[in-house]
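In what comes next, chain A is part of two complexes: it sits with chain B in the first one and with chain C in the second one.
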Partner chain A sequence: MHYHLTDLYRLQPSFLHRLDPRVKLLAAFGYILAVSLTPEGTWWAFAFFFLLLLLATFLTRLGIFFTIRRSFIVLPFVLAALAVPFTSPGQVIWRIPGLNWGVSEPGLIRFLSILARSWLAVQAAILLTAVTQFQDLLWALGSLRFPRVLVSTIGFMYRYLFVLADEATRMMRARASRSARVPGSRRRSLLWQGKAAGAMVGSLFLRAIERSERVYAAMLSRGYDGQMRSLTHFHMRAKDWISLVTVGLLLIVPLSVDWMV
Partner chain B sequence: MLFSLNEMHIPDGFLSTPVAIVGWALAFVFISVAIRQTKNQLGDRQVPLMGILAAFIFAAQAINFPIAAGTSGHLLGGALAAILLGPWAATLIMTAVIAMQGLLFQDGGLLVMGWNIINMGVLTAFVGYATYSFVRRVTGDSTRSRLAAAFTGAWLSVEVAALATALQLAVSGTSPIQLGLPAMAGVHALIGVGEGLITVGALVLLQKASNGLLVEGENAPGRRSANIIAAGLLVALVVALFSPLASASPDGLEFVAEQNGFLDRALDPTYSILPDYTVPFIANPVLTTIVAVALGTLLVFVVAWFVGRNTTRSEAAGD
Partner chain C sequence: MHHTIEVRDLQFTYPDGRAALRGVSFYIAPGEKVALVGPNGAGKSTLMLHLNGILRDRGEVRVCGTLVEEHTLGEIRSSVGLVFQDPDDQLFSPTVFDDVAFGPLYMGLPEADVRARVQRALEAVELRGYSDRVCHHLSGGEKKRVAIATVLSMDPEILVLDEPTAGLDPRARRSLIHLLHDLPQTMLVSTHDIPMVAELFERTVVIDEGEIVYDGSTQSLMTNRDLLAQHGLEAP
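This part shows the complex of A and B:
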């Protein structure tokens, strides 16, 4: 499974795009938390959360299937939970023909609940990234009292991510162009290949260190004093507060219904 | 450009909420200390250096080579970063990498990110660094002993991270430990070889290019604390691995065994090595894995010791 190294922000004039990034961050995190807290087998609650997600996607005007299309990124990890239907004790409802492996009812419910939770959560994260510029997202993290040094470091990483990824790609292209193999010739040993890949990593490290020194010198010459300053600035407006409260109330609906019944 | 997903990034939904929150709490402790330690180490250079090196680790993770049957050797990078810059700087760099992968590419969840940071950032950095410095101390001060030490550290860092991941999945009830642990340990014993080879390859180049760089990493802060923290983390991991055996909950295989009618056979005295010993047959896959990982570690360590010792002697003899 691979993914393309492209920024997933989608510029679009929409209500969600214009919201304060803190509201979007809190809403997405709250949504993931609420989904994670939903008890196993509460299918109506999962359906409710899915409808909320569809509503939010609709508001972005990116197309209703936007998040679903990218959500299959969690598929490989499903392998980790694949044993659950077979190993959870309970009433056996189906057996794999020939193998005599029984699928138990509680096991199946747990497995499907894990799938539902991760599928909904990853879509919320996709939506957050699609409607919030990464720098704004980091600003929101900093403003919500995340360690400032970490936030600045990630911001710095974001600036040079594509530069260094490009260098790595060029190195791999160079390796590919030099390692053509005549059909029938012997393959290079694992040790040799590992050494070659390691040398690429090593020289990439040297280039990164040298670049960081140049960048730091350039920053110093422009008056860097150890503080990262950002032009990004948001103020909570009335519609931001209303959105935050609305999302909060919607997210506790399933919990409160569960509590009242 | 295509970047491959790492199977160790846990997505949201696969860990239970309390487990996920414990992970964030732990991660915050380590991140705070790491920020303070790297500030002392680097001063104003902290942010630009850490940021660009985090981008480096991200890019380096894409450099791979084919191993066998569709798997490819690639880097996680925690051990390499720790060897080059010290364990605290590595923790901070890996945290940035994991945060970026989760926030920008949805590779790994947000609620479970605390554990992803602990597994792939903190554990790889400290286990890698402590193993590296320990093997170096034992095998002497030759260039080849450094490489042997780096291989051991890198291999073990991946293996420990995989064991920790399997444990968190088991505690959350997502994957039974009797199946998950051997599977994760087995796959990552192979992946760890790729990690080790790339780490060694990088050090070979860096040794030739600038030896001062490596000495700087060896003198980074956290040298003494690294051993204690790595030992503490390992003890915690082993205790945690054994505790589910004491509880009644992971009876998954028993359920499977019962259905298939081999529980009777399993309890047959001929199948247990020590008939009076109370560890049931069911616990054996976990036990076997732990023993296997321990033996594997010992093997890698002995090879590293031989490689390091022999070259130290020949260098001392004026070779």
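This part shows the complex of A and C:
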């Protein structure tokens, strides 16, 4: 059995899929930056960014609701900001009946802005991984002068995450197969079960270390000298440059509107 | 170049003091294909890791006439292709292409040469068109073939394989045996697959408890039932 769960890439011959991964990476990064810098309560700007996102999703032909459907997975993280409406000073517009906690107006605006920013940023990331293969993304990071050690660490993590997950599944199955109980015997305590689980995590860790040593030996065998190297897989074409400039211009639209008014 | 392996009085002790190899010596002639058999823990894998200098201790290893030393490691590693037992250890790159290109890339070859070598290596193991596949999603037999391609792309004179048929289904095993038969390189293959040894190798080295206990023709080993039983082996 293998894990495929993190393979988010969807094969679809669309314009966005064929773009140079560096363009997509820069566009997504620029988008997230622009959304994060949008001031609180500028709803028209958030709406504009949302329309941009919908337009990009439309171009992928994955279905207009593709990123929205997948974005709900991160909603729980927004809970971290749940205290903001109650703690920000300002005019109280509503009180929770019974608890007498007041929701202030600036607090609510701040909370909704945080919600909008994180929701849009997450959707941009989801779209990026859906239209770019992971190895192309790694390559793009490397060729944009992202630290090589970091890039290769991410690459190894991605490569061996599945192997480790498979290993953990096998261990859990082996434990389940031996977790028999004699009828009438007492159930083992939670502490005992915790110890067994701890031992499993420990042995998984040891296996990972041993594997890393073997992988390193395999790398040395093929001439690895501590320096990561890679080939050029993509060349910037006219349409890549045009796309990059277009995205850049679109992202500064809200800024210039604000400046002119 | 004479594609030989010469090992003289090789000794290796684990950090915990356990002796893994106690004075191993043998010689493999150019183009010869030799099987290395012996029980688990006999020292087969340890011996193989010495052949390209991953492990070094006391004794002398010469590959293609060059002594394995610190400053010859680069040269040694491009002439010895070592294929590890678990392909998940060997295939550490995201895609098949990246993995097969890894060796040539570190040999400092220009990009066009690297691509040509990847192409050739994948053709040699009959995996044309696998370049963009993700290593994790390959079958066991395919992973083994890719693992072999990753060293073939370095154009090695010598191939050293650790249990190549372990964990393969009969069909994958059969096609791997054909592949090993067709490859022209000098070869040392460690295995528990005695039927394959009988079929493919004229010469067999038996190692047990870090010592070579037999080195000679496979045919006469297979008829020596006492020796086989003594080292936990079975005739096919």
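We adopt the following convention: the second predicted complex is superposed on the first by the 230 of 261 C-alpha atoms of A that agree within 3 Å, B and C clash if a C-alpha of one lies under 4 Å from a C-alpha of the other, contacts with A are read in each partner's own complex, and residues count from 1 in each chain.
Criterion: a residue touches a chain if its C-beta (ideal position, glycine included) is under 8 Å from a C-beta of that chain, and two chains touch if they have at least 3 such contacts.
Just so it is clear, the structure is predicted and the values come from calculations on it, not from any experiment.
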* To do: Considering only the touch criterion stated at the top, classify A:198 as touching first (chain B), second (chain C), both, or neither.
  => first
* Contacts of A:222 with chain B and chain C, given as first, second, both or neither -> second
* Asked: Can A:232 be said to touch chain B (first), chain C (second), both, or neither?
  -> second
* To do: Would you mind checking which one, chain B or chain C, touches more residues on chain A?
  => B
* Asked: Which partner does A:255 reach: the first (chain B), the second (chain C), both, or neither?
  -> neither
* Asked: Just chain B (first), just chain C (second), both, or neither: which does A:211 touch?
  -> both
* Quick one: classify A:59 as touching chain B (first), chain C (second), both or neither. => neither
* Asked: A:26 contacts which: chain B (first), chain C (second), both, neither?
  -> neither
* Now for A:135: first (chain B), second (chain C), both, or neither, which partner does it touch? -> second
* Shared chain A contacts, counted only where both chain B and chain C touch the same residue -> 2, 4, 7, 134, 155-156, 158-160, 163, 211, 215, 219-220, 224-225
* Show which residues of chain A lie in contact with chain C when the two form their complex. => 2, 4, 7, 134-135, 138, 155-156, 158-160, 162-163, 211, 214-215, 217-225, 229-232
* Which residues of chain C touch chain A in the complex? -> 49, 52, 54, 74, 77-78, 80-82, 84, 86, 88-90, 92-95, 98, 101-103, 105-107, 111, 114-115, 134-137, 150-151, 154
* Asked: Where on chain B is chain A touching in the complex?
  -> 1-5, 7, 9-14, 16-17, 20, 31-32, 35, 39, 43-56, 58-60, 62-67, 73, 75, 80, 84, 92, 95-97, 99-100, 102-107, 109-111, 169, 173-176, 179-180, 193-194, 196-206, 209-210, 213, 251-256, 259-260
* Using the touch rule from the top, collect the residues of chain A that touch chain B in their complex. => 1-5, 7-8, 28-29, 32-33, 35-37, 70, 73-74, 76-77, 80-81, 83-84, 86-89, 92, 100-102, 104, 110, 114-122, 125-126, 129, 134, 137, 147, 149-150, 152-161, 163-169, 171-172, 190-191, 193-206, 208-209, 211-212, 215-216, 219-220, 224-226, 228
